[in-house]
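The structure appears below as structure tokens.
By written order: A, B, C, D and E. Residues from 1 in each chain.
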Amino acid sequence: MSEFLLIAALCVLGTVALGLVVILRGPTEADRLSAAQLLGTGGVAALLLLGVATDTTGVADLALVLALLAAFAAVAFITPFGTNGGRADPVAQPDRPQDPE
Amino acid sequence: MSSVTLFGLCGAALVGLGLFGLIVQPGVLRKILAFNLLGSGVLLLFGVIARRGGGVVAGNGSDPVAQALIITALVVAFAATVLAVALLRRLVQETGRDSLDSDG
Amino acid sequence: MSVALAADAGLALLILGLAVWTSIARTAGGAVIGFMAYGLLVALVWVRLAAVDVALTEAALGSGLTGFVLLGAAARLPRDAPAARPGWGLRLAAGVVSAAVAAGLAAVVLLLPVSAPTLAPAATANLPALGLGNPVTGVLIAYRAIDTLLESVVLVLALIGLWSLARDGDWGGRPGALRSADPSPALVLLAQVLPPLGILVGIYLFWTGAIAPGGAFQGGTVLAAMWVLTLVTGLTRPPRVGGRGVRLLLVAGPALFLAIGVAGFWLGGAFLAYPAGYAKPLILAIEAALTLSIAVALGLLLAGPPLAQSGPRA
Amino acid sequence: MDSLATLASATWGGPLLVLALMLPVAALMLAFVLGGRHAERVVLATLPIGLGVAVAIAAAIIHQGAALHYDLGGWAPPLGVSLHADGLSATLLLTTAVVLCAVGLYARADFRVPPGVSEARAPLAFWTLLLAVWAGLNAVFLGQDLFNLYVALELLTFAAVPLVCLSGSPQTIAAALRYLLFALMGSVLYLLGGALFYGAYGTLDIPMLSARLASGDPIAPAALAAAALMTAGLLAKTALFPLHLWLPPAHAGAPAAGSAVLSALVVKASFFLILRLWFDVMPASLTHLAAQVLAALGAAAILFGGVLALRQARLKMLIAYSTLAQIGYLFLVFPLVANPAAAPILDLGQTPGAWTGGVLQLVSHAFAKAAMFMAAGLIAGALGHDQLRGLGGIGRVLPMTVFAFALAGLSLMGLPPSGGFASKWLLLSASIETGQWWWTLVMLAGGLLTGAYLFRVLAPALSTRGPPLTLVKPVERSRELVVLGLALCSVVLGLVPFSSFGLVQIGRLGATGIGLP
Amino acid sequence: MTIALTLFTIITVALGVVFFLAGTVGLLRFPDTLTRLHALTKADNLGLGLVVLGLLPQVAWPFGGLKLIAVWLLALLAGATVGPLLGHAAWTQERGREPPP
């Protein structure tokens, strides 16, 4: 049984690793991010299989954390926060005097 | 060759790659990324050392002392990354560029 | 060659490939996405190296929060042509040095002593006296408590450094890097549904750290991520940097750690020693306070330097 | 009540070490929470206590004639971490406390919370970072565990980098960023070395490592690689030529009080660890070749830094390049101490004078450079700029400041009577005694260069011709006194008889045989 | 009973692996970003769901099982939120890139 689960984990991981080609290819960052997402889901699945197969403490927790944070980093890329919350981020404030040294 | 040795060699290569990037990359964000590669290569090597130690004694574990040190180092690396990125963003605000002048 | 070894070789190759991609990708965003995928695979390697505690930290901090910070930066970089690469001489020299270091390290890995010296037995043998089941937590909170104490101070310090990048007129305002003017409905949904679950997971990670992989750093990181989600969508507001409450929260962990450490002079016979029989509750108290402080510190690190509130500026 | 502690040991006076380490940490947290005007008060209240602790540690070491030691948490190494103070640590703890006291008094005028607000950015950052620098330095000087020292180094980095860009100008932001990247590369390489040591010997405790390395077995390749990586990383943090690029803009860009701390103390921490590594961890592996290479880099730094200092247009940049050169002297210690023929030069018992000379250079440069940067800060504050060409006649307006600057310069040049003279004399004698005449030449050339670039400052400053200067801002007499006091410290060091420097020799691991096999 | 459960696990996990494969193929083969995203969401939801379903009989109840289900729900949530966000980002990015005819 555990051999089967291990091999399944390997298959999942190998499959999503193919998706990495897309990360390399693009063409848009959205493609790359979706490939990273797929890798994340695949990683979670592989971890779950691995955890059950080897009965290691904590591996399921790791999968839980990965699943929890799967969407987290992508938020930073997609959300226009900080850009129009009252002040444009990448623009210097010309009228603001420099602090005296 | 065992898996542990394999990951050790991987760590060694990552250290080389990160070091090269840290010196050569012109953009600051790329330098920060290179630093992170370098750091994770170093920790991977540490992890290999931990696995050897833990594996010999506890049968199927990793040396907890080394693991604790790695966790501490990971937190430091994160804080460093945040500070560097904050400096970079301030630099971009001020100068509109993401590179340090000249030499690097 | 066994299946496991083949799998590990594949994993190592993938990691190296992603590292190379991260170094050579044409856009900064592409490089960062490559790095996030890399971090994920490195977490898998930590599992393969039987270091689940590290894997948890790597997944939460090394891949999750670092990815957030770097992606946020990459999305806001100027799209100018990058600066000129350094000259051939420097690149060649750097290449030679880096290759030499890598080759030297590879040789060292192959030549490591056959009998691996380790502190694992000592670390495990002393655990029952501390009432712990996870030796990593024992190292972090007891044997090498000083490192963890200083480390938690480093986080506060990083935050002071970050805040010091504010403009003078903005001091006393709220961190503004995460303010989103118009979060999409999908994002708001995420920020409403995820945090309750995430907070549960964070507390669970801290709690289970005494006996199983987990602990203050991992739990605190998850809590911080959840807080940041609500900050991005405006469901909560970041505290003013001048407020005393938030500063108390930030130092609660290290301060309690220090206080119990000082009490150890009299109660445990040494600084940072735990009195026998009371070790477990004291350790849990320290871990709880640390989790909280770490969560606040990491969240505020992501939230950036303070900005003055909109409206007329003094 | 029973303790879990077993086998742990502490010498009498050991808790003082805990106090020295934890006092700034506790003060840091207190200053941060109270904030506002309280931050400054917390610092100024803590500094004298810290000075007292440092004096007590030095006194305890002299009294016992042996190093102090404390096992933290009651866990003995290798599982636990211990603190350890030998004579060298005590000397540096004391130097740090004195310099920081002066900086604290000096900085009050620059980092006052302006009236009308309860808290301002720069004051809060400065006062808390000052305490953090102090904590980091004490942790480095007391650390006995390679990883604990890594955390200490990082503490120092996180404290020092924001100090560079307190003014917020684009140049200082870039300088801080470059400093951070160099420092991070340095610490990562250091960490890698620590990991390799752990992999080879299963401990990170310095005495244990040293015992394992000296046991007679061939040294593991991992240990050699570790030493090389750690040295490279620490050199980057010490800004030894050719890894010096980050230092001048960073040290010149910081506010004067910050520059003083960075140049006088922070770079010394990583040098201190190089000493620990080569003289405590693996003294037997310091080959002649390695020692000569380190010293050659030091020599290059002396000449290169001196020449570049000559070409600077700004006073603070000139002082920063001078730091580069003065760091070079420190590295001459390696071949001079490592030569067995270097044994007693002066009547210092069985210990080599080069060691004392090196430590004296460390201390006297700390005093002199802090005084110089703070004097430059006063001048820049008074004139509104620090261009060398605009300094004409400043000596008439700020005689005490310029006098302090000149006194500090005396020490940098190595002219008698000054601590710099004593240190350079000891190093020169050692180089002649051991027949390494080429280092003699370098030191003499370095002295001439130092004289030349200081002349560029002092000649116009002391000139009596030219129109009278108008000051942008008056200079407070108390601040001038602080600077003068520090400059006098660097001079007085040279008036103390050599025999009283026995402290720096106490607790050397190989007290009788610092040298090559 | 045990055999039946084992068989159930093997079949469902294998099916899950197939879905992961399908997701990757979609990511590689579909012509534009939006359809690729669609493929990704399928793989996320179904592949991981099947793996979780298959593993349920193999873990301790209630805690282990609940953890597995939580992982799946989290992945669903991530897919449901990041998908639209990415789609939006991709749409604007591709539009912004196209020159007006």
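Note that in this section a contact is a pair of C-beta atoms (placed from the backbone, for glycine too) under 8 Å apart; a residue touches a chain by one contact, two chains touch by 3 or more.
Treat the numbers as computed from the prediction; the structure is a model and nothing was measured.
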Shortest chain-hopping distance from chain B out to chain E: 2
Pair of chains whose C-beta contact count is the highest in the structure: B-C
Chain C and chain E, separation of their C-alpha mean positions in angstrom: 27
Distance between the centres, which are taken as Cα means, of chain B and chain A, whole angstrom: 18
Whole-Å gap separating chain A and chain C, where each centre is the average of the chain's CA atoms: 15
For chain B, residues contacting two or more additional chains: 15, 19, 32, 45, 49, 52-53, 65, 69, 72, 76, 79-80, 83, 87-90, 92, 94, 96, 103
Touching two or more other chains - residues of chain C: 4, 50, 53, 65, 69, 72, 74, 76, 78, 101, 105, 108, 112, 116-119, 123, 143-144, 147, 151, 154, 158, 161, 165, 167-168, 184, 187, 190, 194, 197, 304
Per-residue multi-chain contacts in chain A, two or more chains: 29, 33, 35, 61, 64, 68, 71, 74-75, 77-79, 89-90, 99
Residue ranges of chain C touching chain B (in the complex, touch as defined): 4-5, 8-9, 12, 15-16, 19-20, 22-23, 28, 31-32, 35, 38-39, 42, 45-46, 48-51, 53-54, 57-58, 61-62, 65-66, 69-70, 72-74, 76-78, 80, 82-86, 90-91, 94-95, 97-99, 101-103, 105-106, 108-110, 112, 115-121, 123-124, 134-136, 138-140, 143-144, 147-148, 151, 154-155, 158, 161-162, 165, 215, 217, 298, 301-302, 304-305
Partner chain C, residues of chain A touching it in the complex: 6-7, 10, 13-14, 17, 20, 23-24, 26, 29, 32-33, 35-36, 39-40, 43, 46-47, 50, 56-59, 61-62, 64-66, 68-69, 71-87, 89-90, 93, 96, 99
Chain A contact footprint on chain C (complex, rising order): 3-4, 7, 10-11, 14, 17-18, 21, 27, 29-30, 33-34, 36-37, 40-41, 43-44, 47, 50, 52-53, 55-56, 59-60, 63-65, 67-69, 71-72, 74-76, 78, 167-169, 176-184, 187, 190, 194, 197-198, 201, 204-205, 208, 212-214, 218, 222, 225, 228-229, 232, 304, 307, 309-310
Touch list for chain C against partner chain E, complex: 184, 186-187, 189-190, 193-194, 197
Footprint of chain C on chain E - complex, ascending: 70, 74, 77-78, 80-82, 84-85, 88
